[in-house]
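Pasting the structures in now, so scroll down.
Look at the two complexes coming up: chain A is in both, with chain B in one and chain C in the other.
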Partner chain A sequence: MAKRSHGSLSASARKERRQLNIMTLPAVIWYGLFCYLPLFGIAFAFKDFTPVPGRSLFENLFINSPWVGLRNFSYLFRNPLSRSVILNTLFYNSIFIVAGIVVSVSLAILLSEVHQKKFRALVQMTLVLPYFISWVVIAYCVYAFLSTDLGLINHILTALGADPVQWYQSPESWRGILIVLEIWKTTGYTMIIYLCSITNIDRTLYEAAALDGATFLQRVRFITLPQLRPTIATLFILSIGSIMSSDFGLFYQVPMDSGALQEVTQTLDVYVYKSLMYEANFSYSSAAAFLQSSVGCILLVISNIITRRIDKDSALI
Partner chain B sequence: MKKNRKYVMTQESSLGKGANIVVIIFFTLIMVLAFMPVLLVFMVSLTSEKSIAEYGFSFIPHEFSLDSYYYLFRTGSTLPRAFLNSVIITVSGTALGLVIMCPCAYALSRKEFAHIKALMVFLLIPMLFSGGLVSSYMVNTQILHLKNTYLALILPGMCSTWYIMIMRNYFRMSVPDSLIEAGKLEGVSPFQSFLLIVLPICRPVVITVAVFQIFAYWNSWYPALIYIDSNHSELYPLQYVLVNIDRTVQAMTRDAAKVAGAVNVNVPGTAMKMTLVVITILPIMLLFPFFQKFLRTGLTIGAVKE
Partner chain C sequence: MRSILKRVAAAAIAAITPIVLLSGCDKSEEYGKDVMRLRWVTYGMSVPADVKKIVKAANDYSAEKIGVVVDLEIQQSEVINLIMASWEYYDMVYTCEWLNPFNTNAAKGLYYDITDLIETETPDLYRIIGDYWEAGELNGRIYGVPTLKDMGAEMMFRFNADYYEGEKGMVIPEFMRFEDLEPYLEVYKKDFPAKYPMAMSKGGIAGFFFSLESVVGSLIVIPYNRETPEIIPIWEDEEIMDRLRLLHKWYTLGYINPDASALELSALPDDMPVRFGVAWRGYSGYSNPADWGFNVKTSIYDGPYISKNTEQGAMTAICAGCDEEHAKAALRYIELLNTDRKFRDIFAYGIEGEHYRYLNNGTVLRTQDGIDRYHVSLYPFGSVVNASVESVSEDYLSDPDQWAKVFDGYEKYGIYSGSEGFVYDRTRKEDIVTTVTAIWSNYSTDLSTGTSDPDVIMPKMKAEMESAGLNELLDDIRSQFAGHLESIS
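Here is the complex of A and B:
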């Protein structure tokens, strides 16, 4: 390993180390300003933020605002609105995680069996495209289907003799819509990751299975799925870490911020944004944000420990 | 790395000829479904306003028209300005981000760098823990004074621990240590060996990160929503113009009426919205086939564990 004591280093080695340090400096400064400086803001969550105009942020936060302990958090859990927001976030994320794994793993396995290489490449390219389209754009694509008077779906419904539906006013269908959209946007991306893992599976396993006359399902069950386990575990643990976070665009832009849909579409990120921007409610929204970070972080560590107990190779850290 | 791309398994596929065709048809259907929303918007942008009002949005235009494109390009400076803003933000954000991330990734890839462990922890903590929207907002507006500036749209998304790790792993795997040691004997400094040896060899991973950043910046609208007030609309990127589409189209309709010299000129408002959507995703669609192979590299390196 590298020598530790500075005394034994030659002048050129010292110069070399100094240059390497300098090369990391811009990144360290960036992280300091945009990641570490905001960390002090966690204090917002434990304060009743009462800014005095004209004073600096630090003075307002640490001197002019009283500590309130966990009051902001207990408000979050008692307030019916924020409680439903937290439940919504957990509900959508659990479905996204499970459905995401099931859909993309099965598509990846099925696609890996297609004979034509060119076709496999074409499918991957087409399905990953939505991943690179912003939710703003997707919101208008959805609008083209769901608009009440112009939308394609209502057009088809009336042509079939059914009554048109006011989609942006009917919350009951939106859970389904949002889940389908999330899967549509992310499946291509995760599918490629799984496909690559399948590609790296030792071919001789399959050859042996073929000699034994294994069926397609047997191959999947006894070779592909067990070999995919580390990749599935990695993506699973990573998504558990963000179980309290949600894609702001999906839940804010796509429902066009429609008030009638709020009870099913509002998640923590939307709630945090709205209480910050419309109500200037720094303390509650900061408490909500702190909840997101800490719950995600704790769950990530726990799920990683559990995974390591079950299967050492699958754990992340 | 090259080995990963080889995924021929034809002879081992357990699907018979018939089953293979069924699977191909299945995937073709899925591709059509995946592409449909974009196609619908594209077709609507080519439809005349009258036929939209009469028949609604549909895949087959009842009456074909390019009016919406004509109006968007002819009226006002909103669209060219927003397009230019998006380009400025995308190019400068991506370039600056690389300038910051690449040297850092290089230092982390060298064994003689004294603070590998400490810097790794420093970079990983923000991945797990963040101060949240409120404090970032307060810091960026009250301490860094980024509100209503280009910098608010560029700086916050510039670096990512994920990309630094991807590059570091790639530098480690593809640059033989002996090459750098040999350079050292010739008196090459770390900075020179980074520029002259590592970057040329590792161009694929740098391009991959650049591609991801280009798409991320082009698609970003959240910073504009938070940091740009409506009286600074000259800073709006294309995506955010889209967020404010109703206001934008109103303004353009007014301009168009002025240009046409008539008060009740028939401006294709709805089609114009969809045309704006098409213009926003067009660069992505055009660049995507070229970027595609780099995306694949990025997605797969990201998934490979150390």
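Here is the complex of A and C:
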């Protein structure tokens, strides 16, 4: 059947298809080399990796290193804080996913209503700019605000007659700080994606709605949001895939690894780093990565199934 | 289309071939075929600008003397750990207790067993290292060559002498106790209420936990001062607990900066009146007024503590994947670093006349070019004792024979460990070690900067560690320790 349909293509269509295939080649090669080929490295997670210097990787991994089952995973669950580490990771990612969608979509809708080009460009640039600032730089900017004796906020508090706060010793404030910072940094970037989708919505729908006397909120509810649904679903499903991973810069650099804040700032990536920072234990780090990827993959598939049941067109596969 | 591709390929090959051939010439023919070339990976935070020039000078010298030259790589700790974990080939590598951890990696079989070679191939090296070979031993075999340097841990305060002795008329004695520091902090805080006399970063006090012999980091230790050596978690040592309480008291009094546990080293002010150091009696590296803007005087408050741990402060190991010829060449090279002062001074200070010069008393003074373009620590490059002693200026001359006095001091004042060279094999409990280490890292910064009250934090940390399997780990360490003591008695 496929052969016949291929055979029925005209010469120009075949040429076009060939050109498209060639265009995809760099991406296919890239994924093959950097995503599929290294998959054999999953074996690290189930091996006691004991390399002999000067021997090949395959010999070291598959011959010199014994299989140890799930032993490399045990350090992830021995810590009594493991539960809170995993909950922190899930909590922050859930908030980031929901807030990311709500804030980005809202901003994109508001910005799409701005018709003054220069102002729109200015707002767009201002919102996207934080995305390109490194967490290390942001960490020191935050320190300039939160330093106990030199920070701006404590200067203001003192001027108002209040006691200064030791921010880096106050875990209760940090959930909010981290959430605000993440939204501030990433919202602009995702907003651009939604803004592009809104720009692609057929303008005649809005004109017809305006003629019928629809208010702004009605236009958003009955035109913009339904039209944005596939984009929202795609980004949602993709972010579910990395729900067990976290931005190391946000959770390690910004709180400056302050011990008192660990209960609220320690996510799985930070825990793995802190556990293994003194030794390059490939097996343990592979076990953590495997766990993150597996959970992410399972959740991604589940969320895709749920999305498909709700709206077939919005699902990824 | 094909002919264009062929032409492009031909042009590329034509361009690459001479480069490949010439780069081959550079390495294999420079010193002749009989000269053995070794890859030497050592530790350094940065690569000095003139390192190529220094390696060339060293290679010219060693090629003639012993027929061995090196490709030197100065790498940061993460890179060395990665080289080791990824089975990369090298010939000689820097190893110690805290980087590229010797005991763990020797147990994994990553280093060449040099036991049968050293005495026959390098008799001078064998003789010079003497009793310190114990540091390079594991299960009765030798896998590393200890670097002769300060072999004990001696902790000291570094005072602004102009302020304390000059302005305040206080005496800075040669020796103090840790708690004797308080009046010095108090007087500075009174004079400068907005400043912190003991400002520190998250690294805390240099060498703060060195008064305990490490078994698992600073967490599970063997105290030096007990009649019978004992494996304990850190909170069971009252002396260190008292110091932690004192630190917390100083923190609450405002002697330590409030965000110490969050600050990186670079954020500290230059005019701090009290700093800390780990060195040896007679060390003058802290004393150059040009470095600080005031005269500095040191006062020793603890040590020297001597154990296998402190003796493993710097070592060189040979790759297990080496053939015997390369291993022998590497040993000859290490021997030259230990026996030939002229050769050793090249790696220590650079090229004579350009990077340093000799003073009349036999010590070395770096030139400005030396300070700017080749200023390295001595210990990553082999024997420190065999290098000339550095003076910080012509006015502050060091004792050229300081090492004889330092080692003599170890004999007279050394506080020796009773652990008899015990090394814990963590293989069976590695997951627990990893977990308790992660828990310790959550609290250690707050403790060692005085930020947290140890009487509040320690019980909390203890509970977390116990539920992570600490007691199981302690039992394992104690049973290995008992076995070790039994085997040597």
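Just so it is clear, the second predicted complex is superposed on the first by the 227 of 317 C-alpha atoms of A that agree within 3 Å, B and C clash if a C-alpha of one lies under 4 Å from a C-alpha of the other, contacts with A are read in each partner's own complex, and residues count from 1 in each chain.
Following the convention adopted for this analysis, a contact is a pair of C-beta atoms (placed from the backbone, for glycine too) under 8 Å apart; a residue touches a chain by one contact, two chains touch by 3 or more.
Remember, predicted model here, so these are calculated numbers, not experimental data.
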For A:V52, decide between first (touching chain B), second (touching chain C), both and neither.
second
Look at A:D257 in the shared chain and tell me whether it touches chain B only, chain C only, both, or neither; answer first, second, both or neither.
second
Contact-wise, after the overlay, does A:R203 reach chain B, chain C, both or neither (first, second, both, neither)?
first
Broader residue contact with chain A after superposition on the shared chain, chain B or chain C
B
Pick one for A:S147: touches chain B only (first), chain C only (second), both, or neither.
both
Report for A:L276: first if it touches chain B alone, second if chain C alone, otherwise both or neither.
both
On the A-aligned overlay, A:G249 touches which partner chain: chain B = first, chain C = second, or both, or neither?
first
Based on the superposed arrangement, let me know which partner A:Q166 touches: chain B (first), chain C (second), both, or neither?
second
State whether A:P80 touches chain B only (first), chain C only (second), both chains, or neither.
second
Chain A positions touched by chain B in one structure and by chain C in the second:
57, 147, 149, 276-277, 282
Residue set of chain B touching chain A in the complex reads 4, 6-10, 12-15, 19-20, 23-24, 26-27, 30-31, 34-35, 37-38, 40-41, 44, 52-53, 55-59, 99-101, 103-104, 106-108, 110-115, 119, 122-123, 125-126, 128-140, 142-144, 155-156, 158-159, 164, 184, 189-191, 194, 215, 219-222, 226, 239-240, 242-243, 245, 270, 273-274, 277, 280-281, 284-285, 288-289, 292, 295-296, 299-300, 302-303, 305
Chain A residues touching chain C in their complex are 49-55, 57, 60, 71, 74-75, 78-81, 143, 147-149, 166, 168-169, 255-260, 262, 266, 271, 274-282, 284
Using the touch definition up top, name the residues of chain A that touch chain B in the complex.
1-2, 13, 15-17, 19-21, 23-24, 26-28, 30-31, 33-42, 44, 56-57, 107, 110-117, 119-120, 122-130, 132-134, 136-138, 140-142, 144-145, 147, 149-152, 154-155, 184, 188-189, 192-193, 195-200, 203, 206-207, 210, 214-216, 219, 230-231, 234-235, 241, 248-249, 253, 269, 272-273, 276-277, 282, 285-286, 288-290, 292-294, 296-297, 300, 316
Which residues of chain C touch chain A in the complex?
78, 81-82, 84-90, 101, 104, 108-110, 202, 217, 257-259, 261-263, 319-322, 430-432, 434-435, 437-439, 441-446, 451-452, 464, 467-469
